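These are the structures in question, set out in turn.
The same chain A turns up in both complexes below, where it pairs with chain B and then with chain C.
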Partner chain A sequence: MAVLTTDARRTTPVPTPPRGRRAGGPRRTPPLVLAFVLVPLLAEAVWVFWPALQGFYLALTSWDGVSAPRFVGLANFREMAHDDVFRTAAVDTVLWLVLFGGLSALLGLATALLLQQERRGVGFYRAALFLPVVFSLVATALVWQAIYQPDGVLNQLLQSVGLGSLRHAWLADQDTALYAVIVPALWRQIGYVMVLYLAGLKGIDPALYEAAKVDGAGRWQAFRHVTLPQLRSVNAVVLSVIVIDSLRSFDVVWSLTRGGPYHSSELLSTYMYSTAFQSLRLGYGSALAVVIFVLAFGVIASYLVRAFREAD
Partner chain B sequence: MNHSQTSRRRFLAGAGAAGTAALLSGCVTSTSSSKTSSKGAVSLQSNLSAPQAKAAMQDLVAAYKKKGSVDLNTVAAETFRTQLPTYLTSANPPDVYTWYPGSVADAYARKNLLLGLDEVWDSPDLKRYSKALHTLCTSSSGKKVFVPTTYYWWGMFYRKSNFAKWGVTPPTDWDGFLDLCDKLKSKGVAPIGLGAGGNTAWVASAWFDYLDIRINGAQYHRELLAGKHRFDDPEVHKVFDRWKEVLPYFDPSGTAVAFQDATTALLNGRSGMMLIGTFFADAAPKDALDDIDFFRFPVIDPKIPLAEEAPTDGYFASARSGHRDQVFDLLRFLAGAEAQEIYLKGSSGTALPCHPDAKDTGTPLVIKGRKHVAEAAEVTQFFNRDSSDALQPTADTALTKFIAKPKEINSILTDWQRDAQKIWGA
Partner chain C sequence: MTTPQTSDAALRRRRLSTAGFHAGAGALSLLWLLPIVLVLVTSLRSFDDIAAHGLGSWPRSFTLGNFRQAWVDGGQQRALVNSLLVTVPCVVVTLALAAMAAFGLSRYEMPFRRTLLLLMLGGNLLPPQILLIPVSKLSEILGVYDTLPALIGVQIGFGVGFYVFVLHGFMRSIPVEIQQAAVVDGAGPWQIFWRIILPLTRPALAALSALSFTWIFNDLLWAITVLRTDTRMPITAALIGLQGQYVSMWNVIAAGSVIAAAPTVAVFLRFQRHFVAGLNLGAVK
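Here is the complex of A and B:
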């Protein structure tokens, strides 16, 4: 059948409608390919989609993890509206997004610009900046905990340079805890963002810079009118990564302060965890998870939609 | 392996999986609640993951293996605590668990998740256990649900050599205690170490527990933790009024370092004394152990019956265990004097056995500790054990905030009551 159709096509200049194919139905997908699609889909459905749907359902219940969940409608969300700790956590999360996200993007871009040119030894600096990414954040946090201890490296350093009056229990003071926790998170993220920007910068056509030079553009103008527009696609990736990483920032905060002292470094993620697994209010914890999901999804989707529209 | 890279997706997956497990187990209970299969070894889920305690558990299991089969599964303490509800509600749960008696065990018993152990308590060993232990291990429905094996005590620990060097002696009452604090402060030492920073904010609860049982008595304390009184009641305010008197003597880094660092400061002589349980000795160097002593938390109101914190440890079993008879056999073994001696020999040895015939390690510290608990009219467990693990974070927040901002006590107690109500109402 297939041979006949091919022959027919070869002899006639205008291809006839592929009747033979239609008669045989659409081209059969080989079972192996089908399996490659369906098996992961099934796994994803069982391990991700179904639990996620369950999470949405649990957000509407009161559940202590032991008894059967009790349906309470939107009570968890109503409670959230009057929950001071939730408000603190939400504000801290926004602060985290701005400080951690903003600084890691800025510093990541700055280091990428600094280290983009192939000079002697630049590889060493790139590797050094990227190194923190390799370590587990929990291990990183333990090191920083030692640095922040009342008699830790930071306080000793301050003492030795004559700034002993600034000595501080960095993680135990509600005024400094959140900022103290951001530093190790930044320390790690900058290297990651740098690598993304380095890849973007490598992709820019050098001819553009030459053309800019010919037109008499200075370094700032070249950066403003060539580099930045060319990095637009990388920016979309960096922004998505930063928003997701900010909203799921958990490990470093949990290892260093557990959201304390008295909720001063509480993020939505740590509040969700402690509510669900320490206070065993899994319904309320799930409601918090839903809020985090909606925030992450909302920010990223709206940005991506805009980015694609501009690209068109 | 990194367990802590928790993302939203993994959380949802986890929560959902737990939910599915609960639903599945719900199905199991409604259809068949009596599994009769008795094949395979009994699984023993242990949270004793500190090196010495883990080794001691392995010795214990090795000893039992001469008569029966058991599989020991040691899980990190924090993971164990958060997973316990999932274990107990799953369709095919581990059989026996290390955990705590009293209010914590009763909460599970009331949900029919624990195996009734009356048959085990009929054994000659357990019949001889103290009356207090009988009561502690009985659920509110009157069933025995727990087998206790060891207990330890809390007290004001100090180094004998340091006290001698500073020329001070242990006090007996509150005024003497304040004098001692003054003297230590004048020597340039932080009088009271705490260790409620890092991941051990719960240590601060010991101060709340002790002040409350000294001022309002153990009975009131237990009722308060059960939600029968309010945290913003005048009685609770009295606790914090007393605490304010000693707050200036606390080590300023008390809420910045974990208890392990605070005990190091104690052993190094940077702080004078610490309210802590004997478990801290696990990390103390062996040569310092002989130099460690303790005194009773000072009496504040002599009219209040003397109570001490002496948490009991032991085992309970899942109601869905498929190895009922083997579980009973294992628990009878664990309740015996021989098993408890094996455990004490293998661990740091500062705990006390529950069996009246079992020998403790016999050090002067342990002998004094045994007498200390025996003299008490009442024994409390600890904040989370007398209430619930879920209530502990509310205390952590309230107490660390009080230590930092004692003047805000009114709003702190109002917030504490509000947070606690959410837990009790859940």
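Here is the complex of A and C:
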């Protein structure tokens, strides 16, 4: 399992004779092999590359989806500057990135550290934390909606421990809706991040800890000076996963609050969807999508640079 | 080596730390499993019971009627069939296409192979939001809007790049000599692909199948972008519909959630090892 990770692949390099392959491999690519590559590429071109280009163009238009799109230049982006909902959605997206992203990384690492040793029963604990990863976010959201109901489990729990004054319509209150939505998202994401870190921890050479011990390092020092530096490449992976997932986050918010009440849990992704498909302002929706793209692009670009180095 | 006294103390300390570990990890697991237990219990309670005592109370009734209601009246049966009709072909076709492309890109000296590989991966990393409007229009132009083939098409197109990238990394590590021996024996590219490379790639394919099954099955965004008719919706969208249809009838909604989660949980429990391996293979995502 660990052998398959990008991380482990680096520590136990597969012997690749690039020169030898160049000399020994076929000079010309057989037509069949060319077709092997071109057919999938065509599928992706039709459903991804071409739509993406159109998406950028549509961002410069005003379009109701029925009549022809009208070119308006940067008017959509100028409108955003005065759009309060856009501002809320942008702030919420950043909050989401920091809270959802930061906490899932921290707690994912913490649980991985806790569950890294092979002890009896540890498989069960790992599976328990990991199980939510396979749930759809929609099912996850509905479960938590039941928990957050005015007569739901959370309020009953608060009541029974004497904190009845904190009882709340968690999802219907503008002040708590966004945070209430983050919790189920975290519940589902932490197990995923944990698995990534578990593989990373497994890839660390035990000799490094031996050496640290010999040098008189305590637990904290070993963590600080051995574990953390060794996890650097996993951290990069986790960071890209988190940023991309945060910007894509849609299902959980859509099924819990649809961005409400009064846009208080609106993310750029939900705002984009409702603008485009409910308000039928397809041009403005496309412009919002471009903003999401630009935010994601930094991560994607740095990620691709990494992938580029690894690819050969 | 040590006096009995110190070894006794060490043993006690070890026992204490083991107990501490199990207490901590056990509490954490319990906390994690609690929402799942809650939904299971709720799905088995009657509406009157929940209405009278609240969602968080101890269950006083037991019924399987909620599942019947969600399955038949709530349209979950049809939705589950829709989901499987989309997911299974998607997984098979996406992995077949991805394996082909990865084979070509990793085993042959093709011009621009690195650029092609990264182009394909880049397509998968695009935020889907930029594609939503054009994809829904494209499916209208192609005459497949509001049909399952539209959903299958976009899932394949959007997913393929990532699997190509992962499988490429995997196939690249297969020694060249194996392929050269086959070439000497007169095997063509198809035979090399089908008889040699594909069997050797099986672990990666198994891992990616388990993973892509859950991803495609759990998708909501693409489904509500290219589909409109309720009866064609997959289970995720149908579950949201169920929530509107049975407002605050938590027993039915919980039963619906259990039905929607059952297939992916089954895949996870059956292929747990592959699944976790897949996440690490796909760590790059």
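By our rule, the second predicted complex is superposed on the first by the 273 of 312 C-alpha atoms of A that agree within 3 Å, B and C clash if a C-alpha of one lies under 4 Å from a C-alpha of the other, contacts with A are read in each partner's own complex, and residues count from 1 in each chain.
Quick note on the criterion: contacts are C-beta pairs under 8 Å (C-beta built on N, C-alpha and C of every residue); 3 or more make two chains touch, one makes a residue touch a chain.
Since the model is a prediction, treat every value here as computed from it, not as a measurement.
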For this session: Check whether A:V98 is in contact with chain B, with chain C, with both or with neither, and answer first, second, both or neither.
Result: neither
For this session: For A:S62, select first, second, both or neither according to whether it touches chain B, chain C, the two together, or no partner.
Result: first
Problem set entry | chain B versus chain C as contact partner of A:I300, first or second or both or neither | second
Exercise. Chain A residues in contact: does chain B have more, or chain C?
Worked result: C
Exercise. In the superposed arrangement, which partner chain does A:F250 touch: chain B (first), chain C (second), both, or neither?
Worked result: both
For this session: For A:A43, decide between first (touching chain B), second (touching chain C), both and neither.
Result: second
For this session: Could you look at A:A169 and tell me whether it touches chain B, chain C, both or neither (first, second, both, neither)?
Result: first
Exercise. Between chain B (first) and chain C (second), which does A:L228 come into contact with in this model arrangement: first, second, both, or neither?
Worked result: neither
Exercise. Touching A:P261, do we find chain B (first), chain C (second), both, or neither?
Worked result: first
For this session: Would you check which partner chain A:L34 touches, where first means chain B only, second means chain C only, and both and neither mean what they say?
Result: second
Seminar exercise, completed: Going through chain A, the residues touched by chain B and also by chain C turn out to be 47-48, 50-52, 54-55, 58, 65, 136-138, 145, 149, 151, 247-248, 250-251, 254-255, 269, 272-273, 276-277, 282, 285-286, 289, 292-293, 296
Problem set entry | chain B-facing residues of chain A, complex | 47-48, 50-55, 57-58, 62-69, 84, 136-138, 145, 149-151, 169, 171-174, 247-248, 250-251, 254-255, 258, 260-263, 269, 272-274, 276-282, 285-286, 289, 292-293, 296
Exercise. Which part of chain B faces chain A closely enough to touch in the complex?
Worked result: 2, 4-9, 11-20, 22, 26, 82, 85-86, 88-89, 108, 111, 113, 197-199, 201, 252-253, 255-257, 261, 388-390, 392-394, 396-398, 400-401, 404, 415, 422-423, 426
Seminar exercise, completed: Note: in the complex, chain C contacts chain A through residues 18, 21-22, 24-26, 28-29, 32-33, 35-36, 38-39, 42, 54-57, 97-98, 100-101, 103-105, 107-110, 114, 116-138, 153-154, 156-158, 160-161, 164-165, 168-170, 172-173, 176, 180, 183, 188-190, 193, 203-204, 207, 214, 217-218, 220-221, 224-225, 235-237, 239-240, 243, 248, 250, 253-254, 256-257, 260-261, 264-265, 267-268, 272-273, 275-277, 279-281, 283-285
Problem set entry | Residues on chain A engaged by chain C in the complex (per definition of touch) | 1-2, 4-7, 9, 14, 16-17, 20-22, 24-27, 29-30, 32-34, 36-37, 39-41, 43-44, 46-52, 54-56, 58, 65, 111, 114-115, 119, 121-122, 124-125, 127-139, 142-147, 149, 151-153, 155-157, 187, 191-192, 195-196, 199, 234, 237, 240-241, 244, 247-248, 250-251, 254-255, 268-269, 272-273, 276-277, 282, 285-286, 288-290, 292-293, 296, 300, 303-304, 307-308, 310-312
